[in-house]
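The following block contains the structure, expressed as structure tokens.
Every chain is named by a letter (A, B and C) in the order it is written, and numbering of its residues begins at 1.
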């Protein structure tokens, strides 16, 4: 088991490398130089000044040399400085990252809490009223754009009813609150974004859960369990559920990038200072250092999440954990 | 299989809506007499009426018209982007699945790396460099969503290439190209087609999202996303500017999803 | 009386059609007897068993009739590989099984389970208890299933084809076990199977089913050896018998169609001469990165295949027969270059033109035809690849279909519209369309019902004679091989342990493995 973990971690290294290469390539393969925008704003800059600027940023070197320079800095977590305010990129990211992570974790928790029971019930009571209603809701959840739902909810709960805050992560005078008041304030601000963020996930995962359960229920070993005279409840919860949950672990891992992607628009709508909004701002201002850093870090988060999901899966599925080659029973 | 497809009412419903949308998009100028970009400030933010079934936006433009013209863009981007993704994905996936070994590893590693990037982030990054616009979005979405289809066709080919009829074909003297094109792809394309339909839905949502934050279709070209963006600013004053474009997206994506689900059911040898 | 079934009817709804799986049957099972429920696929035998056990699917299924049970009933199934929950330990799954209404403490349950494991002759019961299903062999899993059934203290055990998925030697062991347990526990058994050999070995009474109805019933000997109904007679005729050609008691029977007994190898042309052929596969690294295993599928095989004759290759599963078939057909490359093929065939790899004159017919009629191609396109695939013109192709199509008794008009149909037997004919036609000299037949009839088997075997013999073909006939069923082969090679774990003309193999086998194989097989077949 430990050997597996080590192997997987080692396998990540080439992928990390690949991530850095792509992140670098995306920005640098475009026509023009990153400094062009800066200089465009002031066409009167002389040729020498332009050259000097390029040398400072290392843009006169060949592409691969630039890449290695950047990579070396990366390993020290130095992503360079932001073009907009010249602060170190890494600082800006560390400011924003926790918020995004918080929202996504909460969303993930909400998704799990709701989608698994819904999926199981839909499968066990296939064709029932509950199943049909859930199916309709799921389809709508898939098809409705998150930001639209956010707008609707905002206008309803926020503007009309006025009970939930519609922007920011904390109120203006947060600093002066007591600890409990701070917690409540934070939670109130989080309700809408987390809800909207989890709708797509609940729809998707409950669907997968349903499918997985249906697949498992038709398996031979469920027939065996029933033949043994076990109660239907035991059959479903002990025998079926454990098998049906296995693929869900993988699916969860695979849906991490989707959650992070969703952050972009959500944070923009709700005015939340997170990674997603940072990325959007960076795109508008052509702040390439921030963009590259955003790519690398978000991809890394996805990778980490997938690694955890893989290890969890291997642990959970005895067919893989106890591999025939290592422990045959004769 | 077609029988099964036709029997499912929801699937037919989805397909029907898609057809309707395509017709609306194509015949847009005949359906509405307004010009989608003609500004008319005195008619700003009118409620829905017979004259303006969906009301008007903050610049006095007929909302119904804008939404219909936006459907052209949505469908165009959806189909082209996914078509591109499919072409790339099927190519890479079949080559990887059939030849295996180092080629497979290399291609799949590449796909794995690409899959680590949250789609939106990657798309934003590229747009940061090449700028927004209809053509750019189409290409970017296509270039960043081929991985799913590549994996699908690769999985199909991996399992199909050991089938006896492939062995028989080889024994009869078939070349690799013959086997891939005549046996493997026709039998394995099913899941890719399903993925394609869902992909169009996804592309439409992505485009809407991009336009909503201003990095997609640029005004004055109408896109459901940028109509919503303009609507957000006047949220309190006109609920119709937010409701209708969102509904348009909802119905379109729903239609594709229903059709895709139906296709997936039809392709799977029946559930017991 | 343990079980009484009265006027049982089971209807399934499938795609808007109602299928009468069981159409009004009555029967009784008494104490201490083994009743065989015999029938081909689709006869309703499994549906009957599921009805008795209340395991019919909830949806789209209706059951009528009366079932009276006088004791607990347990059931074991055909596929031991999927009958156990893969994520729970095996012992725990047996612990769960308790007779209705009885509660038993966890500790007692474990003791009981371990005791049962000993009863079913599993070595090292504790280790088995702690294992997960995928770590056990098919035979072990089936024993676990039997233990699970016994834990329910049943008066009746329903066994639905429990040995069909197992190798011949294991089959014999499991059957012996069931017989022994029946004696010890005073259990009755309802044994469901399509295999006459098993019926002969195990049962007291027989019930024959067809299309959901009972066709004939009676004591075993009277049904097997003096059947009354036509259908039963037809079934029995089609069954391959052991010793039909080479019964040691009767000497040479008029059945022989091949080379007679103790002659030296005939002086026919040797068309393929294999020497020291080997093929090793590397097993992929396990998830935990253990060193890659190597499997020697084919080990140092030397064979001579004579023109116009049939070489039979027998062995159990995983003996290497299919690998050998693929090597012969040129579909995979051998390890060493230490082999020689005669002209007309080449040991080529996958990329170069494979041996054009060696073609192969596979076992599974369902996966050997491309489901998206029309029948005539399938048959003509070879000629199309070789660039033969349309007019000539039509002629080939007509001739080949005629030869295998298929209708030209069915050419536009797709594989799923044909039966298993017809699909094998299509596969045969496809191979014949390129005029091969040698035909490799890898278990060509193993997936077919007994009556169809017989038809296809007859067809194969006729075609061989007409076209002077050389056959390599691979099978695990010794009775079938007895019928078809002239020479026989016995394979075990990748090696040829014995290679001789058929009479010698069947009458006086030399290698201990061959002897064991023959003994087990005879026990499972009806004497000819």
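Here is the rule we go by: contacts are C-beta pairs under 8 Å (C-beta built on N, C-alpha and C of every residue); 3 or more make two chains touch, one makes a residue touch a chain.
All of these numbers come straight from a predicted model, not from anything done at the bench.
Novice: Just say which it is for the chain contacts: an open line, a closed ring, a star, complete, or other.
Specialist: Topology of the interface graph: complete, with all chain pairs in contact.
Novice: What chain pair has the highest count of contacting C-beta pairs?
Specialist: A-B
Novice: Using Cα averages as centroids, what's the distance between chain A and chain B in whole Å?
Specialist: The separation of the two C-alpha centroids amounts to 22 Å.
Novice: Taking the mean of the C-alpha atoms as each chain's centre, how many Å separate chain B from chain C?
Specialist: Chain centres of chain B and chain C, defined by C-alpha means, are spaced 48 Å apart.
Novice: Could you put a whole-Å number on the gap between the CA centroids of chain A and chain C?
Specialist: Here chain A and chain C have centroids separated by 50 Å.
Novice: Hunt down the residues of chain A that sit against at least two other chains at once, touch-wise.
Specialist: Residues: none.
Novice: Can you list every residue of chain B that touches 2 or more other chains, as numbers and ranges?
Specialist: Correct list: 272.
Novice: Using the touch definition up top, name the residues of chain A that touch chain B in the complex.
Specialist: So the residues of chain A touching chain B come out as 14-15, 18-19, 21-23, 26-27, 29-30, 139-140, 142-145, 147-148, 151-152, 154-155, 159, 214, 218, 257-258, 260-262, 264-265, 268-269, 276, 279-280, 282-284, 286, 288, 291-292, 294-295, 298-300, 302-303, 306.
Novice: So in the complex, the part of chain C that touches chain A is made up of which residues?
Specialist: The touching residues are 53, 55, 59, 74-75, 77, 79, 82-88, 93, 96-100, 124, 127-128, 131-132, 134-136, 140, 145, 148, 152, 283, 286-290, 293.
Novice: Residue numbers of chain A touching chain C in their complex, please.
Specialist: Contacts found on chain A: 1, 3-4, 7, 127, 219-221, 223-230, 234, 238-239, 242-243, 246, 314, 316-320, 322-329.
Novice: What part of chain C is in contact with chain B in the complex they form?
Specialist: Touching chain B: residues 15, 57, 326, 329-331, 350-351, 353-354, 356, 358-360, 362-364, 367-372, 378, 381-382, 385-386, 427, 430-431, 434 of chain C.
Novice: Using the touch definition up top, name the residues of chain B that touch chain C in the complex.
Specialist: 163-165, 167-174, 176, 178, 183, 186-187, 270, 272
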